[in-house]
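Each of the next two complexes has subunit A plus one more chain, namely subunit B in the first and subunit C in the second.
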Partner chain A sequence: MSIASRRRTSTVITYVLLALLAVYTLFPFLWMVMSALKPANEIRARTPSFLIAAPTLDNFVRVLVQHDFLVYIRNSLVVSLAACALSLVISLLAGYVFSRNYRMKAVQTTNFAMLVSQMIPGVLLLVPLYITMRNLGLLDSYGALILAYTTFVIPLSTFMLSSAYDSIPTSLEEAAEIDGASRLRTLTSVVIPVMVPSIVSVGLYAFITAWNEFMFGYIFTSTDALRTITPAIMLFKGANTVDWGGLMAASVIAVLPVAIIFLFLQRYFISGLMSGAVKG
Partner chain B sequence: MQSMRVGDVSRTRSNRRFTILALAPAWLFLAALIGYPLVSVLTDAFSHAHLVNGDVGGFAGLENFEKVVSDPHFGPAVRNTLVWTVGSVVGEFVIGLGAAVLLNVRVRGQGFFRVATFIPWLVPIVVAGMTWEWILNPDFGIFNSLLTQSGLVESPINFLGDKNWAMATVVFVNIWRTFPYYTISFLAAMQAIPNELYEAASLDGAGAWRRFWSVTMPQLRSVSLIIVFIHLIWTAVNFDFIWVMTQGGPNYATITLPILIYRYSLQQYDVGAASALSTLMLIATSLVFVVYYRYRRRLSEETVG
Partner chain C sequence: MRKKLIIVAAIGTTALALGGCSASGGEDPDTIELWTSWTEGESTAVALEPLIEAWAEENGYTVNQSNFTYDQIHEKLIASAAGGNLPDVVWGLPEYVGEFQKIGVLADVSDAWEAWEDASLVSDSVKAAMTTGGAVVGFPYETTVRAYLVHDDLLAESGVSVPETWDDVLAVGSTVEDATGSSFYGLTGAGVRQPQELFVYLAQKGLSIAEEQPDGGYANTWNDDPEQLVKATEVFQFYADLMDSGAVNPNSATYGWEETDDNFATGLTATFVTGNWLGEREASNPETMGDVSVHAIPYPEDGEPATYLESKPMFVMANSESLEASTELAEQFASEEWQSAAFADRSALSSVTTDSKWSKGFAELLDTGVAYPPVSLGEITQDMQDALAMVLQDGESPEAAAMWLSDAINEALEASGDASGS
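Here is the complex of A and B:
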């Protein structure tokens, strides 16, 4: 075989494999959206079809109106945005000293503690966390979820932001310092404005983690009015019957905000995630 | 001279104060919501404790541990946790690496394929679990319909309802959702490999396969170590996936240790037993962490010199 034709075959093979990969990752979404648009009789067809005979928005209407999904969306938004803001403030501060004062004992200890804390996941602390939240009177409130989500994203957010600070020259701060600005002032008015892309990616990470979290939302809230979207989806799974059309419509609604944000900001997101993951 | 030294001292002191203040909020959160609960788990494991009835109390010695270990579901749960963890991590690693190699090839539409690959990782676990449950449904699911139509199987398989299939099915869904994380990590590491290494290998007559094993793989060692160990721990303690898809069933076929912890605590209200089991899991994950930490030290010493 000539080199050119060999190269052509390998390109074809690459495309075939890439297409298979895309089918593997995207098919469930495609099927989710299609099922959400199918009327009840087509959902329950013995042989499911790739075409929708009579597309309908009934499932979405039912989910939003009858099942109060607007309330769950609002709850998820409030909790995720609050957790996102809170964890950004905390890890912007911690990440800064992680980057600038790495040699200090206090910083190294904190770094190690954060690394370890990333390895102690929620389920092992479920019981005492539940009891703590109950004692604080925070069960069935946004507070319990905001505090829990913030805590569990702090380590990775700090690692991500500290590596972002690493790429900003200290001369920038020194100039401000000579002008007589305080450390905090320098940080907020000189350093942070340069960090916007990294802050966006860390904020996204925190928001998406909170939006997608299930276990704490499921266990810390039992009032319907405060339920977040992921535990609400689980409610569709009844003991005997499942409203699959409604369930798939609800799933589309839960995925949509994250998918839209991601499509716009994927460049920042992936690079930010990587710098944190490799470092941590 | 003198004044400079005084200036230095006050400078270090103010630097120190700033550092402590900047770290304080993070410490506060970590201490209250991870440190304190961690201590409670360790002490409750040796106490009689009930979630609802506050009168239950007192030192229990090893009673909780005996109870947990002699539970007939303990053995199967340990075995299931191992199958679930190792099966998931191996599958994620293989598919994640394969996808990274593919996505690293320069082709048209690379951006699209990269985004498409990353998408499963963005989906809430509940949505991933439920959507696959729908696809794999024995009565109306598309996958079973395709299997029977093509004649591959005679009658639909009840993937999540059949105890022989349930574990493999939840592992499969977990791999689907988690492998993109590996892919992105591998891709980032691959892009950091200098091109000269490949050129030199090509000049020496190494084919694509050989270049992969002798150039790419060694460069991925450090990132592989990190993701594999992190995911061993994260997968072993994962509650959501199995709870959403099977709740440990059918007939305990997919019961894992985190599901048992949930059952002890929020269904039987036995905080002592739940804490004892959590403590056992903490010991196991700490051992994994120690091994990881040592490897990582050794590896960074090797690479830094």
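Here is the complex of A and C:
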């Protein structure tokens, strides 16, 4: 077999495998979209089908109009964006300290504490956090969710950004220092602009984590006006019946913002993840 | 300039983060916090929302109603109880009675029950389901039993008559499936419905998962009494025989209620023990739901008819700042007017019923209803699922499963403090 035909065979095999993987990955999403577009009698048919005999937008209309999902989307956006912004500010500063002062005892201890905190499941902290939020007077407010989500994403965000800082040579900072820039000026004018892909990547992680969070969303708030989208989706699953059309339409709506953001920022996301991966 | 910008950005971020913060309203005696679990937009919600509003207006209260799933309510109540921030009135499940009574958050509404004008319309078994430690802790806002639903056309096509006993069921075997392609008997092997089903078959054999002891504690006594152990073994043997005889789909071992209800509604299963909520499927599956008839659940020849009584209690929280009004609101949910409006086919009141088979056919079985004992059930119901999995999935002997379950239930009772002597 010639080199050219071997290369062609290899390409075909690669594409077939990638196509299979794509089908495997996309199938649940496709099924979700198809179900959202089906009327109840087709969703509950004896033999499920990919084809839709009578496509309808009723499920989406019902979800958005009758079930106040626009309010839930707004709530999720507010808490996710705030948690994302807050955690980025903290992680950018903490990550810098972790990277540049890693020999300090206090930094090592904090680093270890953050690592350990990642090993504690959120559900174990549910009651203590609830009591804390109550004592802070934050229950039934965006503040409780923002604080909880920020707290949970800061450790990993800090590690990721610390790793990104590691890949930036200190000589760059020394040059800025020689030019008379302060430490903060150096950070904001020299270092951070170089780290945009990493910042986007960490921001996406923080946003998606907050957007997808389920448990605190209904534990810390008790009013419809503050409900976020993930606990709201569960309301379509009753004690004895499931409104699959509504559930699927709500799920499509919940996935859309994340998918759109990811679509536009994915090149930053990939390069952000790779930063610090290879040190030369 | 840039430094200023950074400071402004930092302040802006903090402001954005804290902008939505406000302390929860909490303990206003004129405000009643009500947690429900209805499906939004469905008939129950449509009927109840204006009734709640009218009651609040008439009595000068503000009712803050929020909707959650039952799982969410359960977890919220645990967190709220620890944080001392409970609501006033809550839709509960029978499974919660023992657990929340034990942590002392439920109000004793015995006096209100005695004074309740509709109390005489409620059966003793329903009242018993609302009672723990001698105190009534809830009003029954929704009451159903399980029945044996049959697709008459599928059975007629197979030449099979409706079975009345376990032996009748096993004798049918794969006859229905051979003739129609539909499994004969439905079985729930996993999820919340599985322990309810197992509980019924145990009750038909005269067994209880936890019996009250002279000291007020509870214990499972199967391993102490050879006769009871034999009966418990026979229940697990019935499950094994259902599989072996070809009466049920082998995949049922892992089916939850979502699958089993759907399989019955679409005719993939010819007969199934379930609730009257399946009446709703007549609209979406008219071609397969038109032939459904309602019967008593098959029982062992040496046993007695029994069914699972699910009477959901409306809880009033003991620390409510508006205890009297909250109790009155809870009572309203169980009243004839509200039950007729929102729960006409699933009411505990003997006077509230409809002419449909989904109401009358089920109501006829109320007298044979048995409810869970008032103990913490979380771990016990999981143990019941695990015990059945031992038989249906791991191939262990029915006797081993029965013995293991008895020990596991007693361990769970010890852990929850419900055990005799604890």
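Worth pointing out:
One rule holds in what follows: the second predicted complex is superposed on the first by the 239 of 280 C-alpha atoms of A that agree within 3 Å, B and C clash if a C-alpha of one lies under 4 Å from a C-alpha of the other, contacts with A are read in each partner's own complex, and residues count from 1 in each chain.
Here is the rule we go by: contacts are C-beta pairs under 8 Å (C-beta built on N, C-alpha and C of every residue); 3 or more make two chains touch, one makes a residue touch a chain.
Just so you know, these numbers come straight off a predicted model, no measurement behind them.
When both complexes are superposed on subunit A, subunit B and subunit C clash.
By the touch criterion stated above, A:Thr9 is placed in contact with neither subunit B nor subunit C. After overlaying the two complexes on the shared chain, residue contacts for A:Met234 are found with subunit B and with subunit C alike. In the superposition on chain A, contact of A:Thr170 is made with neither subunit B nor subunit C. Taking subunit B and subunit C in turn and counting the residues of subunit A each one touches, the greater count comes from B. When the two structures are aligned on the shared chain, A:Ala45 is found in touch with subunit B and with subunit C.
In the superposition on chain A, A:Val258 makes contact with subunit B only, not with subunit C. With both structures placed on the common chain, the touch criterion links A:Leu21 to subunit B but leaves subunit C unconnected.
Judged by the touch definition given at the top, the superposed model places A:Ala85 against subunit C, while subunit B stays out of reach.
By the touch criterion defined above, A:Gln108 lies against neither subunit B nor subunit C after alignment on the C-alpha atoms of chain A.
Contacts of A:Tyr130 after superposition: both subunit B and subunit C are touched.
Residues common to the contacts of subunit A with subunit B and with subunit C across the two structures: 44-46, 89, 126-127, 130-131, 147, 150, 184, 215, 219, 231, 234, 236-237. Considering their complex, residues 40-41, 44-46, 62, 66-67, 78-79, 81-83, 85-86, 89, 126-127, 130-131, 133-134, 137-144, 146-147, 150, 184-185, 188-189, 215, 218-219, 222-224, 231, 234-243 of subunit A touch subunit C. Residues of subunit A touching subunit B in their complex: 11, 14-15, 17-18, 21-22, 24-29, 31-32, 35, 43-48, 89-91, 93-94, 96-97, 101, 104, 106-107, 110, 113-114, 116-132, 147-148, 150-151, 154, 158, 183-184, 208, 211-215, 219, 229-231, 233-234, 236-237, 244, 247-248, 251, 254-255, 258-259, 262-263, 266, 270-271, 273-274, 277-278, 280. Residues of subunit C touching subunit A in their complex: 2-3, 6, 10, 13-14, 16-25, 33, 35, 37, 39-41, 64, 66-72, 75-76, 78-80, 82-85, 87, 93, 257-258, 261-262, 265-268, 275, 277, 280-281, 283-285, 288. Every residue of subunit B that touches subunit A in the complex is listed here, in rising order: 14-16, 18-23, 25-27, 29-30, 32-34, 36-38, 40-41, 44, 51, 99, 102-103, 105, 107, 109, 112-113, 115-120, 122-128, 130-132, 134-135, 137, 139-142, 145, 149, 176, 180-181, 184-185, 188-189, 223, 226-227, 230, 233-234, 237-240, 243-244, 258, 261-262, 265-266, 271, 274-275, 278, 281-282, 285-286, 289.
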